[in-house]
Amino acid sequence: MEGIEQSVKRYFDKSVTDRERAIFEGAIALGAIYHQFVGTPICKDDEIIRTLEEAIRKTMRLQPYRESIEVKINDSLIKGQKDHPYDYETLKGKHLDLKVKTGYGGAKATVRMRYIPEIDFTLMYIEKLEEV
Amino acid sequence: MEGIEQSVKRYFDKSVTDRERAIFEGAIALGAIYHQFVGTPICKDDEIIRTLEEAIRKTMRLQPYRESIEVKINDSLIKGQKDHPYDYETLKGKHLDLKVKTGYGGAKATVRMRYIPEIDFTLMYIEKLEEV
Amino acid sequence: MEGIEQSVKRYFDKSVTDRERAIFEGAIALGAIYHQFVGTPICKDDEIIRTLEEAIRKTMRLQPYRESIEVKINDSLIKGQKDHPYDYETLKGKHLDLKVKTGYGGAKATVRMRYIPEIDFTLMYIEKLEEV
Amino acid sequence: MEGIEQSVKRYFDKSVTDRERAIFEGAIALGAIYHQFVGTPICKDDEIIRTLEEAIRKTMRLQPYRESIEVKINDSLIKGQKDHPYDYETLKGKHLDLKVKTGYGGAKATVRMRYIPEIDFTLMYIEKLEEV
């Protein structure tokens, strides 16, 4: 839809490249996913984990220029199955491995968020940039 | 698991009845679901809506004493399918129809949240109380 | 404002007591605060911590029948001041000590959320019930 | 702190420029603020609004390379002061006017989020890019 894209472009600094726009859109997705879903109750139950991953993937794909979103909730950091009423955890950044691919004009960006043990931090970074 | 339930009970006021405890647990679920998921991108796409409903239902069931959670995202208040990159909405309280059933000891509570047009407010209320 | 309270009351089970209603409103507040603010960046900086506590207290007081909200973010569980760009944490349930007092008709409820080391769980509970 | 910045840089695509990195960090902030704070109760009360703006500004500044964050909650879109228990709103994207300035190496980026009536959308965009 030409119309809206042109309307939107007017608000951006004129020097922004396609590659920068692809990075911008991917980075928004990372910040959004983290701060929307952290705190959700989880436990080491495959069906629950898969359903939450799928909901994150499908809803967050709706934002503009996202080409794909891969979401993996790292079960190895979560305790075993619930065996009493208070036995569950809540989603934390370190549980999430996110890969978001965006495309804008002739550029594609792959941005990532994952827990990196070496620096003990859940890092958001630009993994790959491509021209198409 | 006797142990944890007894440990937990010590922190509650001694006069709390089973019925009050069932209400307490249901009300927490309503506040939690609203404030966890409001803001999630959505559009009028059955598959996306169903997946998000399922993720809410399954994750929020993990909190203690929830017997069932029904989640309906009211599509009629959401615009049609995405036809340009900026064409989507975000989940608001008024889209959500929630029914949470909790049970504690001999009591069951059904609590509800839904948008009520007559008062133009998304109301949380205690729909039904039962002894078993 | 008589009008709205009467309109709202119609949706509640007829047998709900004032005391149960006070519990209901307090429990919603606990679920809401946890799931709204968990994930917010924090560090061991008094000014930042105090400002966030104040924002939680003032905004969450707006929901119905809350008489007071006490929020304490437990600094002892947070690392020291930021000394490089990646040196901060995010708010977790265990950092929060919440005390919400509600009143409805002739009843008052004090509900609480805090991390309890003995059970290694951030527990929500009904601390005190009073008739007035 | 040279150490952590170098460690982190290794994870980024080698071709990422300082300007792209500044954009990346700013965009994360926009996604994060929106999805962290949308849903918070608010009303047209200057003290409450100012406290929430301040909490957003101070906490979100903790993330890396943010030089300043300006937050304005647009009161004109919010109803008047609370005059009954159910009289409040919750923060929506359209209430927020955000300006985040980031700096990385020799580049500075100003990114923005605000509701734009002409397109009826709360747009996130890159407002200005500078070399220093």
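Labels A, B, C and D are assigned to the chains in the order they are written; within every chain, residues are numbered from 1.
Following the convention adopted for this analysis, contacts are C-beta pairs under 8 Å (C-beta built on N, C-alpha and C of every residue); 3 or more make two chains touch, one makes a residue touch a chain.
Bear in mind that the values here come from a model prediction, so they are computed numbers and not experimental data.
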From subunit C, the most remote chain by mean C-alpha position: A
Which of B-C and B-D has more C-beta contact pairs: B-C
Whole-Å separation of chain centres (CA-atom averages), subunit C against subunit D: 25
Inter-chain centre distance, subunit B versus subunit C - centres from mean C-alpha coordinates, in Å: 18
Between subunit D and subunit B, distance of the C-alpha-averaged centres to the nearest whole Å: 29
Sequence positions of subunit D contacting 2 or more other chains: 4, 8, 34-36, 39, 86, 119, 123
Residues of subunit A defined as touching subunit C within the complex: 34-35, 38-39, 86, 90, 92-93, 119, 121, 123
Subunit A-touching residues of subunit D, taken from the complex the two chains share: 4, 7-8, 11-13, 15-16, 19-21, 23-36, 111-112, 116, 118-119, 123-129
Subunit C residues touching subunit D - in the complex, by the definition given at the top: 1, 3-5, 8, 36-37, 39-43, 47-48, 51-52, 54-56, 58-60, 62-65, 82-88
